[in-house]
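Just below sit the structures, each encoded as structure tokens.
One chain, chain A, appears in both complexes that follow, with chain B as partner in the first and chain C in the second.
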Partner chain A sequence: MIGVARDLPRTAGIEAQATTAGRQARARRRLVGRGLLYVAATLLALWVLVPLYLITITAFSPRDVVYGYPKEIIPSTLSTETIRFFINAEGVLASLWRSVLVALITLALSTIIGAPAGYAVARYAFRGREAFRLTILSTRAFPIVILSIPLAVTFINWGLYDSIWSVALMHTALAMPFTILITSSIFVGVPRDLEEAALTLGCTPAAAFLRVVMPLALPGLAAASIFTFVLSWNEVFAASILTLRERTLPALILSTLNDSLLPFRFAAAWFMLAPSLVFIFVIRRYLLGLWGRVAR
Partner chain B sequence: MAEIHLQHITKSFDKKTRAVDEVDLTIADQEFMVLLGPSGCGKTTLMRMIAGLEYPDGGRVRIGGRDVTDLPPRKRDIAMVFQSYAVFPHLTVFENIAFGLRMKRVAKPEVTRRVAGAAELVQLSPYLDRYSAQLSGGQRQRVAVARAIVMEPAVLLMDEPLSNLDALLRLTFRAELKRLVAELKTTTIYVTHDQVEAMSLGDRVAVMREGRIVQVGTPMEVYDRPATQFVGSFIGSPPMNFLRGRIDGANGHASVNLGDQTFTVPASVSVGRTAGEVLIGIRAENIEAEAEPAPGAIAARTEVVEPLGSHLLLTAVVGDQRLKIQARTDFPARPDAPVWLRPEPDKLRWYDPTSGQEITAS
Partner chain C sequence: MKANRLGWAPYALLVPSFAFLAIFFAAPMGQAFGLAFQDERNAWTLESWRTMFDDAGFRDALTTTLLLIVLIIPVQFALALAMALVVNARLKFSGLWLYVYAIPLGISDLAAGLVWLAIFDRQGWLNSVLEGLGLIDRQIIFLNYQEKGWLVFTIVMAEAWRATSIIMIILVAGLQGIPRDYFEAADVFGATFWQKGRRVILPMLRPSLQVALILRTILAFQAFGVVVALAGSGTTVLASEAYRWYYTLRDSHVAAAYSALILFLSVLSTILFLVLLPTREEQMG
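Take a look at the complex of A and B:
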């Protein structure tokens, strides 16, 4: 910019320098703004990462270090002793496996049922659409406590009680409103023209959905699936009421927490963390990969 | 090989207004038909019903003699270019153009050959590996056109394909499009609100207003003999002049009272009416401006002079009415100077002041 100003004739040069100064001030302000943004982002990241870090190092510390004080920020000794103890504890591996299954079933069910509903809400102006939207949300107005007990009775009658299916169905019901609302906003974001273009190019409505709408909605659906997976993974109340022996990991941990030692609790916390982090990291590639390309 | 036959097509989106109202239109095989009208006149809705994206409330659509009213778009043998281009962002240019062929399960070598051919036609060959986000607006428009023509459809539908381009590109593409469609010999329907586009591209133009077709004709017919006052003022820049007058045919031939002057209509012109109020339609280029009083000329006052390079555009006042006149650049025009106007008699058009319909001599 300064180079340009120098090339201009004298009279115009002064004016140009003035605007250059203005431009520099604006650039400085932008720099400050960006700096603040980075500070905020760093604080936010620390807020999430510090507890994760502390839980992880404690879970991998030998027992005497867990009880020791003051804590070391960088652990000098690592051991898998606590973790091994936790894994070998009664029922842990089985309930871990159940938790994964429940979360995946919930994800599958809520996507299979919720995404088409979201699509319908997004695309078709059917009678009672607004009422439908409100009803979806109002299901969340019932506390889980009120829902769980009649459900427990119903599941006992159906012979579903104390199985992963009862928990998965409950979690699907909990996740559904969000799945529908999130997916509908994703489908609204896919231009109608693209779908119609596919229809004129030989697609049936179903083919247009699968070949055009779905690929474009994928990043959003991935985000919705993270949400659903984590919701199911963390949910403890319904899981505790609807199961007795076939517990999911959070339900098992909750029921044994009071009787356990501190290292055991940290190991449990780490086990709650790890799979959802892995899931998020896997899905994350879809998020960034596709958004980068689709963005105009 | 497809003639399009629209019969009593009607469509409403709400109870009060009809977006398309009882439209009848026949488009000949290989014809380039332009649907022209202001926004909201129903032209896009009409095209969408031909495409099968919208279902008419009443009437039938026939393409190539086949009643396609109840068929989905994929069974109509049409291809459409959207105003937004609707280029699939998750596919490359190649895959975008190949999309329709793949849906038809065309053999792979043929897909490659036909896509290459279509890309060549619209000069997209170097960009086949790119994604939509990496293309300019003009290139996206070409993808949309290539994707449609590669299907070799019986009917090509284009919904304002040039309206999202900047003025210069629009001019280039208009000529290119005309050449392309002339080569393809496909029956084409083209929707636009731009009367210049309509005039330059169409074999025939159908002018629409409030859901109805007001006039169908070649561009020159529509320009030269507007069927209604609306068509005259919508087509042409500047729009056709309309002067209020009174016909008095008492002394054998017609004369028109314009304010306090009387203009005698030459005997060669038949007015179709011997008395009463009329609107006289005349285009700016069909009025000759004189600096000196001349016999039979209408006295007026110049109000505004706009030099437009190739000619001068004068705004003149006759009584309390304004009209535009196209004058040669050497015409000595000054604001507020008197001017004498001589309309070309055979270019005079007569309209009913209440209905706006042309009064034809019978």
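Take a look at the complex of A and C:
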């Protein structure tokens, strides 16, 4: 209605007045709507951030404060005592190092093995392409970590059980479908013309790939790699099943939950999630691309 | 697409990943069923399944797993949809909102469980705040092994906090795929917010919702770290029972029966969602 009134020639004063009033009302409603959106946005952000704030100040309180009650929302004393207590606890540093190694091996293996498949799916029309793509997609219907139980039996036979390799191989299987789908969508995003131009100008296919495709695909590949790293860094079920003494950090924390003190657990939680905050921040621009594309 | 000069090249590129998935995905899957249906001397038997069904912990683990899924998924989808709409509303600092909502994407379920342990612990943050506000005068014991309701509630909170981001990201990507014209057309016809939601957003988001639902349900069947961190042995789920049978009771056959059951339930739920929520392409055949 308002829209119609606006288009009429403004002859009658009353009409013009009504229009202005209508416009103002609409503008006010828009403003209120916008305001409510900001309120909702802030509340949702607080829902995510407040627990993070609480675990951070808990982890950075001295041990007697961690046990204290009631707790202060704005802490009066901060210290690294609790964090140091965690890091110096038996086995923590070794398992931290193992976690990093496992994540790096996972990252390397899944890229070396998965990225070529992603490239093939993106660039070649070949018989069986759709079938392969669908097979990879359908692996998402399976809870892959659960496969660590039969895999444990295999690894015992192979002599790989209770080593970083058993966990890394399992994590690679977990990351592989993701890597293939992501890399293929990244390579699809690299214009084919450029690659063909390089071929016409006398590059070998390998050189065209290394000099033309790789530089363009690299940021996306780096983001996908970081995501794979986080996936492995966080994974606890398979790591707990596949190790006994050679624990990764989450597996160590899980296996000691029954006996560990509260400050240890809270510092552990902070220690596990802190790197992820940084990683997610680094790849924030790629998050939608990474997951959005996979969803299609 | 032009003819390939190297007809074998794509196959050569696929071989490594195909072989890897055959060894570390297909084989263990077959093996899970093999272990579950065999005894130590590789004779076929239903013994492990009988042990699993008859075990005192089985029913509790199964019902808790299903209960958690039924409770968590609606909460997560409501939250994720709200977050996705906020991100898509083109507010100022839209990148910042997206980042903040996406943060839990990088947090493990074990860490999330411990974060909420700090909140729900008897001397934790929630009691501190409630008492500070004068709402309670005695500490509430949320994490009591006798009170399964509270345990489930704390797990739902932790999971809603941690695992909503992945749904949010999928929904934001889906929302961005809706042509702006659709919203403008709805505006021209004077559609209200709710009408837009029901007639434009939800139908267009259907494929994304379906994917998110499938992904989330499969992940929920594997819930493990968060349950152990908050409930200890106070309440169990299928995955924690699998872990107990493998690790504490050292019976890989019964543990494999649990994994086979989780596999079966995951695939069943996926099929259910595909049938119940067909996207337009599937409807057309």
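Rule of thumb we're sticking to: the second predicted complex is superposed on the first by the 215 of 296 C-alpha atoms of A that agree within 3 Å, B and C clash if a C-alpha of one lies under 4 Å from a C-alpha of the other, contacts with A are read in each partner's own complex, and residues count from 1 in each chain.
Quick note on the criterion: a residue touches a chain if its C-beta (ideal position, glycine included) is under 8 Å from a C-beta of that chain, and two chains touch if they have at least 3 such contacts.
Because the structure is predicted, anything quoted here is derived from the model rather than measured.
Counted by residues of chain A touched, the larger count belongs to C, out of chain B and chain C. Of the two partner chains placed by superposition, only chain B is touched by A:P215; chain C is not. Of the two partner chains placed by the overlay, only chain C lies in contact with A:M272; chain B stays clear of it.
Legend: residue contacts after superposition of the two complexes on their common chain; A:P150 is shown touching chain C, with no touch to chain B. Of the two partner chains, neither chain B nor chain C is touched by A:A168.
When the two structures are aligned on the shared chain, A:L194 is found in touch with chain B, with no touch to chain C.
In the superposition on chain A, A:L181 makes contact with neither chain B nor chain C. When the two complexes are superposed on chain A, the residues of chain A that touch both chain B and chain C are 293, 295-296.
Chain C contributes residues 1, 4, 6-7, 9-11, 13-14, 16-18, 20-21, 24-25, 27-29, 31-32, 34-35, 79, 82-83, 86, 89, 91, 95, 97-112, 114-119, 121, 123-125, 127-129, 131-132, 139, 161, 166, 169-170, 172-174, 176-177, 193, 207-208, 211-212, 214-215, 218-219, 221-222, 224-225, 228-229, 232, 239, 242-243, 246-247, 252, 255-256, 258-259, 262-263, 266-267, 270 to its touches with chain A in the complex.
Against chain A, in their complex, chain B makes its touches with residues 51-53, 72-74, 78-80, 82-84, 86, 88-90, 99-100, 103-104, 131-133, 147, 151, 157. Interface residues of chain A facing chain C in the complex, by the touch rule stated above, are 33-34, 37-38, 40-41, 44-45, 47-49, 51-52, 54-55, 58, 67-71, 73, 112-114, 116-117, 119-120, 123-126, 129, 132, 139-147, 149-154, 169-170, 172-173, 176-177, 180, 205, 230, 233-237, 240-241, 250, 253-254, 257-258, 262, 265-266, 268-269, 272-273, 276-277, 279-281, 284-285, 287-288, 291-293, 295-296. On the side of chain A, the complex with chain B involves touching residues 191, 193-194, 196-204, 207, 211-212, 215-216, 290, 293-296.
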